[in-house]
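After the structure tokens below, expect a handful of questions from me.
Read from first to last, the chains carry the letters A, B and C; within each, the first residue is number 1.
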Amino acid sequence: MDNLKQLIEAFIFASESPLSLDRLSHLSEQSKADVKAVIAQLLQQYSAGNRGFYLAEVAGGYQFRTDAELAPWLKALNRERATRFSRAALETLAIIAYRQPATRAEIEYLRGVDSGGVMKTLLDKNLLRILGKKDIPGRPLMYGTSRHFLEMFGLRDLNDLPTLKEFTALDPELIEAEPLDSV
Amino acid sequence: MDNLKQLIEAFIFASESPLSLDRLSHLSEQSKADVKAVIAQLLQQYSAGNRGFYLAEVAGGYQFRTDAELAPWLKALNRERATRFSRAALETLAIIAYRQPATRAEIEYLRGVDSGGVMKTLLDKNLLRILGKKDIPGRPLMYGTSRHFLEMFGLRDLNDLPTLKEFTALDPELIEAEPLDSV
Amino acid sequence: MSIQIQLEKFTGPLDLLLHLIKSQEMDIYDIRIVEITEQYLSIIDHMQQLDLDVAGEFLLMAASLLHIKSKMLLPLSDEMSEEEEDPREELVKRLLEYQRYKNVAELFQQLPQLSRDVFVGQSGFVDCVEEGEDKSEVAIGIYQLADAFHKLIKDKPPEIFHEVIKEPLSVADYVRHIVGKLTQEKRISFRELCSPGEFSRSVLIVTFLATLELVKLCILRVEQVGDFSEIWLTLDATDEQLAQLHPDKELLAYG
């Protein structure tokens, strides 16, 4: 290996968990002494100068980590993932999009779990709106999707959502039953 | 912010997906011009000297990535298996990448073969997305490539796609006039 | 040429045709259609002899090739020959276009791919992971939305919401109804009021509730001569009292 330092740096960078000296030596097929010398260089290199992350010795191995002092800034990164949803939020949004007006009981029937918390989050994010009360005993609230929902998904209106028929048309098993020339 | 470079480096490092200039400017609460200058420094810094990873411009943002030439070594790390693309999947991706928004009928006309199953797989892997419905009779769904597609192939944006040699697009009217079922 | 061709190796009929054209060193702009059709058909035949499933698309292309071939064999009419299209034209266009995307597909295969050739850092070890975060996050788009809904309803029996269908009945309406009837007839039996054959159970319940309500309001008098004998209802109110009677849904507190 010509450039062991480059390789060790890449291993540590790409690994999910800290890599021990033994493991690095095994992976790079180099002696532990050689790997250790390279790690010493890297440790020094990353500690000099203000870097956004540093090489940490942790859990018996080596790992790149961000500086703890940057944590307040980096928290914003997690919070801001606007286009990522939990499975629960996605399911709830999907039911309401297709079933609106939908009551909480209907949503929970389909999901099989309590959905109050998720619905509140979606309301807070302005993806849902309350359409009124349903004219049945108990007068439960009816929910629908908001304009912001349409904007977020780039839909002109709700008719732009694929129907279930269109969706299942992609399913290979259904397609086999209907050969192409007869479609 | 005392040390913008340190912060930007940490943001890019800590983010799951590439961060755009806009996003970095917003997160760091600094002007785009300032952030851009810092990124230029980082790009230079990481390209100089043999590093284990470099700062890549991909999917409209910035992300640290390992060098492709280290792949044979890094594969040994216990990681999730890489997506293997079948030829059918790559053909379908190629057509959609260059012709988006594309309908399923267009794709199947060009490939000469049913593509529903392949498209579903690509949608499941988040490489495609539904762009809405086309304003022609039957309102078929339109498909395009996703941001994840750019990330997967290390493309900055769709303009980064290689230009096709002697590319003369098939007359779109031909496709409309000759849907699969009538061929 | 060898017939040992496996259709599975080809992504479709266009792919197979391109292979044949290439292996015969033909000019794609001037395909020898008779030759290529024969070869194509013999491959399909061979597959069918081996009892292999030949996909519909391959058979469709065989039909198209035969069609083009027959057109090519027709003598050209003198007047039309200038304007008439080459029967191969559309096929050539499709083959050329397909070839381009086939090349792109090969190029994609060679591009450094994420998690195959190129790796990104793991962000899991940033010192600021928010607590209680749902880890199973998904990127979301129209497809993901449709997919989530499809999966949910696929596992569920169709529609068995315990929806209570509200009949257009209210106690207030029946209070008015009974008062109206009694104003006309002075005295009616409770049995007549309820004649069970004609009314649904909910009508009976509402009628009963309305009767009780009227008794409570001291508007109705109820008389019975002996046990299990007829129950007679008569109005026991002045016109003034009746005029003031505005049975209100909310007031009565029945649905």
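Please note the rule applied: contacts are C-beta pairs under 8 Å (C-beta built on N, C-alpha and C of every residue); 3 or more make two chains touch, one makes a residue touch a chain.
These numbers were taken from a predicted model, which means no experiment stands behind them.
Chemist: Think of each chain as a node with edges to the chains it touches; is that a line, ring, star, complete or other?
Modeler: Graph shape here is complete: every pair of chains touches.
Chemist: Let me spell it out: compute each chain's centre from its C-alpha atoms, then which one is farthest from chain C's centre?
Modeler: B
Chemist: How many angstrom between the C-alpha centroids of chain C and chain A?
Modeler: That gives a centre separation of 27 Å.
Chemist: Please work out the Cα centroid separation of chain A and chain B, and write it as a whole number of Å.
Modeler: Each chain reduced to its C-alpha mean, chain A and chain B end up 17 Å apart.
Chemist: CA centre of chain B versus CA centre of chain C: separation in Å?
Modeler: A distance of 30 Å separates the two centres.
Chemist: Please list all residues of chain B that touch 2 or more other chains.
Modeler: 13-16, 53, 64, 66-67, 74, 77, 79, 114, 123, 130-132
Chemist: Note the residues in chain C that touch 2 or more other chains, in rising order.
Modeler: Expected reply: 57, 60, 119-121, 126, 128, 139, 141-144, 146-147.
Chemist: Under the definition above, what is the set of chain B residues touching chain C in their complex?
Modeler: 13-16, 53, 63-68, 71, 74, 77, 79-80, 82-83, 85, 87-88, 90-91, 93-95, 97-98, 109-114, 123-124, 126, 128-132, 146, 148, 151-154, 162, 164-171, 174, 178, 183
Chemist: Which chain B residues qualify as touching chain A in the complex?
Modeler: On the chain B side, the touching residues are 3, 5-16, 23, 27-28, 50-53, 64, 66-67, 70, 73-74, 76-79, 104, 108, 114, 116-117, 119-120, 123, 130-133, 141, 180-181.
Chemist: What residues on chain C touch chain B, complex-wise?
Modeler: That would be residues 11-15, 55, 57, 60-61, 64, 90, 93-94, 96-98, 100-109, 111-121, 123, 126, 128, 139, 141-144, 146-147 of chain C.
Chemist: Which chain C residues qualify as touching chain A in the complex?
Modeler: Residues in contact with chain A: 56-57, 60, 119-122, 124-130, 133-134, 136-150, 152-153, 156, 161, 163-164, 166, 255.
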